[in-house]
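You will see two complexes here that share chain A, one where it goes with chain B and one where it goes with chain C.
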Partner chain A sequence: MTTRTIQHGSTEHRIWQVLLYGGIAAVVLAIALTQPDYRMAQFSAVAAWSVALLGMNLIIGYGGQMALGHSAFFGFGSYLTAILYADYGVSFVGTLPISALAGAAIGFLLGLPALRISGLYLALVTLALALAFPAIAKMDQLSALTGGANGKLAYIQWLPPTWLPFTVTSAAWVFLTLSAFAAVLFLLASNAMRSRVGRAVVALRDNQIGAAVSGVHPATWKTSTFAVSAAYASLAGSLMMLAVPIVTPDSGGFLVAVTLITGMVIGGAGTISGAVIGGVAVVWLPELSKHWAGALPLVSESDGTALSTAVYGAVLILVVFVMPGGVVTFVRRLRARFVVVVPQVPATSPPVAHAAPLSPTPELEMERP
Partner chain B sequence: MDMALLAVDDVTVRFGGIVALSDLSFEVERGQICGLIGPNGAGKTTLFNCVSRVYQPTSGSIFFDGEDLLSVPAWRTAAKGIARTFQNLALFPTMTVAENVMVGAHAASRQNWLTAALRLRTHREDDQLRSQAWELLTYLGLQDIAFRPCAGLPFGTLKRVEIARALAARPRLLLLDEPASGLTHAEVAELADTLRAIRSDFDLTILLVEHHMQMVMGLSDNVVVLDFGKKIADGTPALVREDPAVVEAYLGSGVA
Partner chain C sequence: MNLLQTLPWAVPGVNDAFFDLSYVLQLVTTGLANGAVYALMALSVVIVYRTTGHMNFAQGEMGTIGCLLVFSISVERGVPYWISIPAAIALSMVVGAVLQRTLVQPVERRGGMGVVLVTLGLFLIINAVDAVIWGADPVTPVTPFPSEAGDRFIILDGPPQFAIRYSTIGIWITLAVVVGLLWLLLQRTRLGLGYRAVAANPESALLVGIPKDRMLMLGWALAAGIGTLAAVLFSQKTGSLDFNLMAAVILYGLAAAALGGFDSIPGAVVGGAVVGLVESLVPAFFSFIGSELSLVMALVVIVAVLLVRPQGIFGKAKVVRV
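Up next, the complex of A and B:
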């Protein structure tokens, strides 16, 4: 099998891209048209989780800042949308920009003290945020808004519009809507990471002094990355309200924080597409673990349920060892055996006498491993 | 205007008990290549760190083009027209060589989260940066590795990539910290030619730290010699080479 070389931006490259994105759209549509409602809720959750994971990826994977408590922003976004929708009559879509802006504002403020700490210390402080969230949500003073320990219900009316050329259930329409929002948010993040913005963020992660003397202002880019990633997590929480009509104090708690970290690592830190894989893993890995544990030989059905957490852990360990860098990095490496995408040499480059002919070079990876 | 491009005035840097620089004063004229030499630990890199604003001197002042540099933060030096390379590299290993060079042009580009996410001006600016990076890499003979990640490339090559990144900022003053380290004898001669060409092609003033005496003496218009943080000589290569204090400082270190 010979490796195929494709020029970035060539017709062939475009065709592959159209096939890929068209294929994804077709799969989403097929899911919406065929899956039963209880499955649809899971697919909807994948869409919401993937947005939160993308936010985590921006700050941790790309930015290298160990902000592990993004569950707090996730829970915050859910509460905000639930409260605005149920108590203040704001439309669901209307709550989204509010959630994004509020998340960004809080993320920015938290990003300021985060400038002074890094690594383990930042990890600890941000995890504390996740630990504190349920306690804050349960506070008596806030219970009129948050519903206290019981959490907040908000059944959001979301019916398929009449202009749809096909008929879908409202659960399917929720899934399609969340997929569309997620797709837009993925496109925006991907654009940003492929630009000067992404280069500045990654440069700071790779070498802060090298970045600073190149003109990258560390404080500006670190706090703005914090803000944007918090906005994504908050938006994800808002979107989740469409899939699951209740938010509880634990929605922003420690377990969710761990879930987010797990999803990010499985999908691939520092990759855009890894967030979707992570979303799938977060939703189905616990369920599959239960299933696999039950299928273990010499284990009774009930022991199987008890063992599911152990199986879950084993799967995580396996993924980390077999696919360091996550599923996406693994798949990319596999793909590189068959197809190499060569970046286009800029057209305006002047012909240089001593320049050797360009040998095929590995793909210009705009997403980081 | 006759003012020197860079004026270091009475600069002292202390690290606890260590005096890394002690009342150092010298000037770098426009268009010059100024050599900065001295035995290990003399304070050469410390001076670079002061000029690029990574360190704040304990006392003294530094003027760049007549402007007080010590009130300028590190991230603004690029916009002011100062670029540097590092003795032990400060590249971005996970990024490709071309992307590293594009970061060098950060200060001269404007894209922000909003415009980049919405691709408002991304196309044009990024294309421009990309072709500028490509031109610089071609100029320095690095075009074959343009799309390779920096991690894993040889040290000598990466030193050259850092020069490309520094040039991407279109600086007026270029600080080079031991650009010849890790190079073979033939490569050192080639680097000297490259630096000469860079100076005229990019209209640069260069402050050069280098242990390779032949290269510094052949390249510099003026040489400043440091020993234990103090300036012990300052003048043309011919003068400095004969200076008894310089000979003394280098005795036993095997450099002269």
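Up next, the complex of A and C:
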């Protein structure tokens, strides 16, 4: 089978890109117009989750910092929007910039200690953040704001506007709105990661000393990455309030942290599009595993519900074994058999032979004395 | 007895009862008893980490299933505990080694995230299997140490009383024995030498003919055995056993390991003691900190320590060749 070579930025490449993005937009519209309301809530949740997963991806996948506790920012954003909307009468859209800024500020502050701690220690400290979140949200001193253990309700009025050329239910309008917000946030992240910013972040991940020598100031960039990813997670929490009108202390807890980690790894760490696939997995994998558990022989109804967690765990392990780089990396490998996109060679540099772009990095470990 | 009545001042936000000697000693004892269990969990975390560099999130659940097995064998079948507990520990060691070889080792080459995910998956699977087999209701666990209300040394009498339970002393002795045996195994046997060689430098260890893979399996086996022991002791301490027995303990154990340094065995013991003490003393001392915040307090202490020593109190800083 011959592989087809497409030059990056060529007309052909552009056409494929337009077709891809147009196709995604068409799918989103088709979902909004055809799916029943209970499904719509799930699709809306996918949009919100994927933004949170994107935030996780920025710090872990691109930044290489094992910050596992982003559920705390997620829960924080949800609480902030719920409190501002229900108690202070701020409009939903008005709460979003507040949530992003507050998330970034807290992320920046927490990014400062993260400069000294790395690897598993950082993983543990940030996971601790996720563990601490429910306890803090339940504190008696805060219960007037957070509603204590019962959580906070905020039914956000979100009706489709009259200027829409087609009629949709309000659940579908929620989905469209969340998709639009998510699209903007994805575009921002994708562009940033493909520019100077992204190169600096990835350089820091791959070789901090080398990056520092090349003029990337580690402290500034690492804390900024932390702040931006926290802002994404916080925004995702705010957006989630539109899909699910209640936030509880456990919305920012350990299980959500685990959900975020699994979603990110299933989608593919260090990929932008992996966040969407992770969002889909996070929403439907529990439901599917419940279904599969029910289909197991010799299992009663009640055991099936308990076993769904086991099936979920088994699927996780399976993904690690079958698709270690996540779904996106898997698909890219598959695509590379048919189509190869090569970067455009600047006119001034001498022509280079098109090496296989996906060849593995050579093992340098053994060359050391 | 109550010192506070003699004090001319009262400190705002501080629990008055804290100035009572018996009360404080009782809290310290409770803290050190829990701390010993956390230290055992931290030990199993450290033993896995030293050779593989991984955290096993499923460590606590592996202990829980061992503890539930002990319950089934001893309480439901009537086998004496001095048979069932060693049997469960031996079985969990085998299971630990098998899990390392079948699920963890193949993923290891693909980076740290894979192993984290596999152990998280194991955590979910074992937790659910426990719930399905043994049900969600708590049961009364096997008690290897005397645990009647009167089984204790009364050291300071009169309300509030300061007494140490026999079972608490039993937990401390068990921890001491485990640490002693580990020390003997690691420092005085050929097997332990191999383990330490792999921990220090895997490539060189392979070159001199040490079976590296078997040492990794040994690490997981030891950790699983200690985890099961910790679960049995903890269930005795709390007096109730269900599938969520170790959910919090593994976190305290991880915290203790981080505090002491992930690669240090003495660090695990000290870390466990500190975490246990902070957990019991801080909420009792400050009346405005509820007991539900004790975990948060323990974590705050750990973050503070890690900021000063990012490698933990006893951990070795990693030296990286540029």
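Keep this in mind: the second predicted complex is superposed on the first by the 339 of 369 C-alpha atoms of A that agree within 3 Å, B and C clash if a C-alpha of one lies under 4 Å from a C-alpha of the other, contacts with A are read in each partner's own complex, and residues count from 1 in each chain.
Going forward, a residue touches a chain if its C-beta (ideal position, glycine included) is under 8 Å from a C-beta of that chain, and two chains touch if they have at least 3 such contacts.
Keep in mind it's a predicted model, so treat the numbers as computed, not measured.
Chemist: Of the two partner chains, chain B (first) and chain C (second), which one does A:I209 touch, if any: first, second, both, or neither?
Modeler: After superposition on chain A, A:I209 lies in contact with both partners, chain B and chain C.
Chemist: Have a look at where A:A310 lands relative to chain B and chain C in the superposition and call it first, second, both or neither.
Modeler: So A:A310 only meets chain C here.
Chemist: I'd like to know which partner A:V320 touches here: chain B for first, chain C for second, both or neither.
Modeler: The answer is second: A:V320 touches chain C but not chain B.
Chemist: Who does A:L159 touch here: chain B (first), chain C (second), both, or neither?
Modeler: neither
Chemist: Which partner chains sit in contact with A:L131 here, chain B, chain C, both or neither? Use first/second/both/neither.
Modeler: A:L131 contacts chain C only, not chain B.
Chemist: Just chain B (first), just chain C (second), both, or neither: which does A:T262 touch?
Modeler: second
Chemist: Touch check for A:A123: first (chain B), second (chain C), both, or neither?
Modeler: Touch partner of A:A123: chain C, not chain B.
Chemist: Which chain A residues are contacted by chain C in one complex and by chain B in the other?
Modeler: 209, 368.
Chemist: Please name which positions on chain C make contact with chain A in the complex.
Modeler: 49, 53, 55, 103, 106-107, 110, 112-114, 116-118, 120-125, 127-129, 131-132, 251, 254-255, 258, 262, 288, 290, 292-293, 295-296, 299, 302-303, 306-307, 310-312, 321-322
Chemist: Can you check the complex and tell me which residues of chain B touch chain A?
Modeler: Residues 52, 54, 74-79, 83-84, 86, 89-96, 98-99, 102-104, 106-109, 111-113, 116-119, 122, 125-127, 129-131, 134-135, 138-139, 141, 143-149, 165, 169 of chain B touch chain A in their complex.
Chemist: Chain B touches which residues of chain A in the complex?
Modeler: Chain A reaches chain B through residues 188-189, 191-192, 194-200, 202-203, 205-207, 209-218, 224, 228, 342-343, 345-350, 352, 354-356, 358-359, 361-365, 368-369.
Chemist: Which residues of chain A touch chain C in the complex?
Modeler: Those in contact with chain C are residues 60, 66, 113, 116-118, 120-121, 123-125, 128, 131-132, 135-136, 138-141, 209, 258, 261-262, 265, 269, 303, 306-310, 312-317, 319-321, 324, 368.
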